[in-house]
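Quick notes on the structure that follows.
For reference, chains read A, B, C and D in written order, and residue numbers begin at 1 within each chain.
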Amino acid sequence: MKRFTSLFLALVMAVSMLAGCGGSDKKKETEAPKETAEAEKKEEQQDTKAETEAQKESESAAAADDGDTITFGLSCAITGNFPLAGERTLQGVQMAVDEINAAGGVLGKKLAFIYEDDGNDPTQAVTVVTKLLNEDICGLIGPHTTTNYLAVQELAGQAEIPYITGGSGTKIAAAGNKYGFQCRPSDGMNGIVAADFAVKELGAKKVGVFFNNNDFGVGGRDAVTAELDKLQVEYVTLGHNSGDTDMTSQLMQFISEGIDTMILWTDDAEDVVVARQAYELGLEADVITSAGVVMEQVLSQMEPEYVEGWYSVTDFVPANDDPVVAKFVEDFKALYDIEPELYASAYYGAVKFLAAAIEKAGSDDPKAIRDAMAELKDVEGPTGTLSCASDNTLIHSCVVTQITDLKPAVVNTVTADFE
Amino acid sequence: MKEKKNVKIALLAALFVGLIVFPIVDKNTYHQLALAQTLVNVIIVLGLNFITGLTGQMNLGTAGIMALGAYSGQLMVQKLGMATILTIPVAILMGVIIGYALGYPSLRLKGVYLSLTTIGFSEIVRLVITNWADFTGGTTGVQNIPALNLFGLKLDATWKLTVFLVIICAVLVFTAYRIVNSKYGRVFKAIRDNIEAVEACGIDVAGLKIKAFTLAAIFGCIGGCFYGFLMTYLNPTQFTQDLSANYLLMMMFGGIGSVPGSVIGATAVTLLPEFLRFTKEYYWLIFGIITLLFAIFLPYGFISLFQKEKREEAGIFKILNDRKGKRKNAGVPKSGGMR
Amino acid sequence: MAEERKSVLRLENITKKFQGLTAVDDVSFDMKERSIYALIGPNGAGKTTTVNMITGVFPPTTGKIYYRDRCINGMKTFEIARLGIGRTFQNLKLFNSMSVLENLMIGGHEMTKIGLVNFCFNFGGSKKEEILLRERAEEVMEYLGIQDLAKRNVKNLSYGRQKIVELGRAMMTGPKLLLLDEPAAGLIPSERKEFVDIVLRMFEEGMDIFLIEHNMDVVMNVSTYITVLNFGSRIAEGTPKEIQSDPEVIKAYLGDKYQEIAAKERRD
Amino acid sequence: MSFAMIMQLIISGIALGFIYSMVSIEYTLIFNSTGLLNFSHDKLIMLGAYAFAGQFVLRMGCGYVVATIATVLSMFITGILIAKGIFNPLRNMASPIFAVIGTVIMGRIIKELCRIIWGATAFNIPGFMKGTFKFGSIVITRANTYIIIVAVLLVIALQLYFNHTKSGKAMHCVQQNKTAATLMGINVSQNINITIGISAVVCSIIGILVISLFSVSLTMTNMIGIKGFAAGVIGGFGYFPGCIVGGVLIGILENLSTLVIPSIYKDCVAFVLMIVFLLVQPKGILGHKK
């Protein structure tokens, strides 16, 4: 019979634990009424409905009284296998919020944000975003990477809260979620720009497309190959898995195919491995890569000669004489004494865009903000002017850069036309 | 004795009602999602309990089982337009297939070798799903999974799915409890203790090992299937080695080999990180440390607090006893842990 | 003893070689019904190897084994056990994590009919079957006089008690032939006497017993027929009285030095 | 694919294979003495890399040799702490599952500690083990040559240690029968502490050697951790020279497999091989102990 008591205890613990985890700041209110509701259940009285009803009011009351701030949610990866993105995102968002509040906040109210760690894992992203959607937030700066965006997009869509993600996969726009916005150029555009640059500027005859087999890499590959088909240029595609540490076989196949240009579409860690092994195996080819390579924390892992002369289609480079970008770089360095990079600048721009949308909508009602965002144009941001196109992408320009002695310099800026 | 049993039944019934009422009343979808995730984990840990808890065979491939359970149903729905309710029988069928696929090696291999086979199985499943992009959707995963509709009743809101899950979980907990305390539970434990003796009693050990793996795989696949409906999105990156280890951790945390233990373990380990989220930066580290302390000082899990002789076998209570120098029940041989 | 009794267990020229070492060399014997058949011999004579071949742990290199005139070569252990051969082990194989009652109920597991799927839905049937199994186990415990130990965990019992629990478990499988592998080893005289009484009582009630034993006084006053092995081959067969006076057996057990002393004494 | 190209594939396959061999050596050490698998061994390798690169070279700025010695010492102590904290209390439990869980949790804690102490940014030591050796058109990186040399030396050293020194032989007894070993006067838990300490040292050496190949990050060792198991199984479980054979075989087959199957299935090769060997030939190619 002892087992029965322990089974009973297990389920009681489940319910009381659930009651307890209604968010730290609301711990006190939910704790007390929940326990009494629990006690009543034991004596089989049926007024549990009334008890938990009471607890409901106290929870929404707590949110209303701090009326003088508008809060938005932020889900980024602090732990897990991509912790760097989370850290920089947090710094970028914090800086943007402080700047906005210094300049008088939004609609006369202070802007604030609650952030949760999604560990760059789709399951945690869903849990964390659900938690944020239950707080009283007017918008959400979404989980990074395309995978997490797709995991969460139905959730946010149902909650009808606008959310902005820094993922750049083509699948985001394709998902066509009214409430989802993309604050970085989608790979569709980057891929086309990379392919055009390879063929038109570098006169590529045979292109090797080396892609990471995750949704980011596959999206990039499809865009590049589609453009190369249009330009009738011969190409070879080879893939690798994310987390791969040895690309010899793929690079050897590229060398034996005799490619003169390689378009590399992968994440930071794999960029480093490919750069080292391409140099060691003596791959003579111009290389154009996806956005990640120009970031300071990636370049610092490489020897200068590995990436000498590499091109990269990216949306943000600190060494950019554009006044807005230069000012942002200075402020960021002053605050965190490290150079800002892709994630910090993208999410800084996203916060500015969200603030502008709230101003335009004139209220903190999520639906109004979403509609405002859909028409919002020309918001200045370090990664270019953010204006919303029909497919909810905000950034339509990207920068082609070349790396000389580990320093990325802007070669030219391409602004795609958008409707 | 009789009335003590009735009180327990009443309390369990009250708790069941409480769990049903809770998602309906409490509008907070986060709480509903947390409860639903706990219930999915309880189902999977119950399954794992049959092989690793009872027959003592190490299974580190739970993630692979879950992935197949989730993907098989959802791909059928998306590619063949199958009704969503049929994903449950498909998951059970997939469970039987995995039961034999993983059961067979368990006949020839023991302990560490078997756990490596299960790791290999889980990694291959994940890699095939990732790379066979045109059928499984590869790394973009299976998107916008339709709501489970039970003969017309569409479970589109989280709380509806949670209520249905509470019922399913209650049924499975009851069945698991019955199996564990029946002749099957007993014979699974006998296989763990001494295989030759079981064979000498004329029992087909091979058949039973496969039964244990099939039971575990069926529970695992049903859990995976509901995980798909809950998350509305499936991606191979979710089914990592870490996930398999997490389920073992849940079973051990609660108490190896016991159904209430599995329920407590699954609840605690699923909700503990949510609980610790307020520590923002360090919550994963604190969670790790708490589970490590549990693993070392209470290896037989939370449940062993209620079973006296189990408690004294290892962990903090054994240390306390040795230090106190008195052996409470004289029957326990002086050599203590050396078995 | 006129009418022809049927053969229970017949070994025909059984040989077992382990990479060159011949553990059992061309052994044949025929155990008849209604008898306590003993297989004795010094350590390393091949007794346990023979038992392992009978119970199917490993197949014989050459030769045939018949159980009630049915060849059981190459059958799996549990298939042979199901034919009605219960056994106990030389080094006591019990289920240490369980109680005495549970150990016995495992013995009876094979008698239960409800399959796993049927079990999940058939509440009443499985409850009834469980109670039936429990009652049978209690009956066997009463028969063996250990019903008060039912709830005790097996690993806390004394060696003698554990032997009896293992015997109980073998009985639960409803055997017709019981293989006892050195049952008297390690028992104190009072436990040995108790064990022998139980074995004799079972024999009277129709159970055939195949005994592998070292202890001479147990073998001599219990068994009806004896085969003696030495270094893997059969050196003698017959009733206990014949075996006791057989020179070959004495030489095998006491070594030829004893022979010379005995001969010298006879001469003086 | 010309002949030179295939040779290059084989050579770099061998080079990578030796990393798997080193990993399988390190956990075979623990398996040999405790019969348990250390599931946090890949995190220990990462810890070695972080300690060497993050702490001693970049923060304290000491020379490579001093840093190596400091790392080895600190990892030896960490190994003993892990042994005392997890392995000894949990190793004589009913089933190995308890110790496995202990090591898995330990791995998670190490990863979080690395993230909090040394930050989440991946980094590298500029100019550390840079460059390659060229034999005609075949290229092999300096790091890989060091790995091959260290691996071979390690196997020889461990074989000698295990077969010819007192405490080495004691480890054999501990693995086969702990009760008997205690009766023979071997301090079993102290012996296990040393074994796991040595294993942690080997982990740190691997960590240092792979820095230039994978650069120091929180996910640098995920893949080689699991493939190390495969190498051990294929080569011969619990037998050091077997680890070399297993690792090299996987390295070569993986690279050559890309000629036949699409390159993204490269990782499956190791796991398929492992399962086939586990089922067909559990004691591996060279292994002589089941």
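We take it that contacts are C-beta pairs under 8 Å (C-beta built on N, C-alpha and C of every residue); 3 or more make two chains touch, one makes a residue touch a chain.
A quick note: this is a predicted structure, and the numbers were derived from the prediction, not measured.
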Topological distance between chain C and chain D, in contact steps: 2
For chain B and chain C, chains touching each: none
Remotest chain, chain D as reference, centres from CA atoms: C
A-B or A-D - the one linked by more C-beta pairs in contact: A-B
Rounded Å distance between chain A and chain D, as computed from the means of their C-alpha atoms: 35
Chain centre separation (chain B, chain D; CA means) in Å: 31
Chain centre separation in whole Å, for chain C relative to chain A (CA means): 72
Where chain A touches two or more other chains at once, by residue number: 78-79, 213, 241
Touching two or more other chains - residue numbers and ranges from chain D: 94, 112, 262, 264, 267
Two or more partner chains touched - positions in chain B: 127, 130-131, 192, 281, 284, 339
Chain pairs in mutual contact under the definition given at the outset: A-B, A-D, B-C, B-D
Complex interface listing, chain A residues touching chain B: 1-15, 17-18, 20-24, 38, 41-42, 44, 48-49, 52-53, 56, 59, 78-79, 115-117, 119, 121-123, 126-127, 130-131, 133-134, 146-147, 150-151, 154-155, 169, 171, 175, 213-215, 218, 241
Parts of chain D lying in touch with chain A, wherever the complex brings them together: 1-2, 5, 8-9, 12-13, 16, 112, 115, 119-124, 126-127, 130, 132, 139, 141, 213-215, 217-220, 222-224, 254-256, 258-259, 262-264, 266-267
Chain B partner contacts - residues on chain C that touch it in the complex: 55, 57, 76-78, 81-82, 86-87, 89, 93-98, 102, 105-107, 109-110, 112, 116, 119-120, 126, 129-130, 133, 153, 156, 169-170, 172-173
Parts of chain B lying in touch with chain C, wherever the complex brings them together: 175, 178-179, 182-184, 186-187, 189-190, 192-194, 196-205, 211, 215, 309, 331-332, 339
Residue ranges of chain D touching chain B (in the complex, touch as defined): 31, 35-37, 39, 85-86, 89-90, 92-98, 100-102, 104-106, 108-109, 112-113, 116, 179, 226, 229-230, 233, 237, 262, 264-265, 267-268, 271-272, 274-275, 278-279, 282
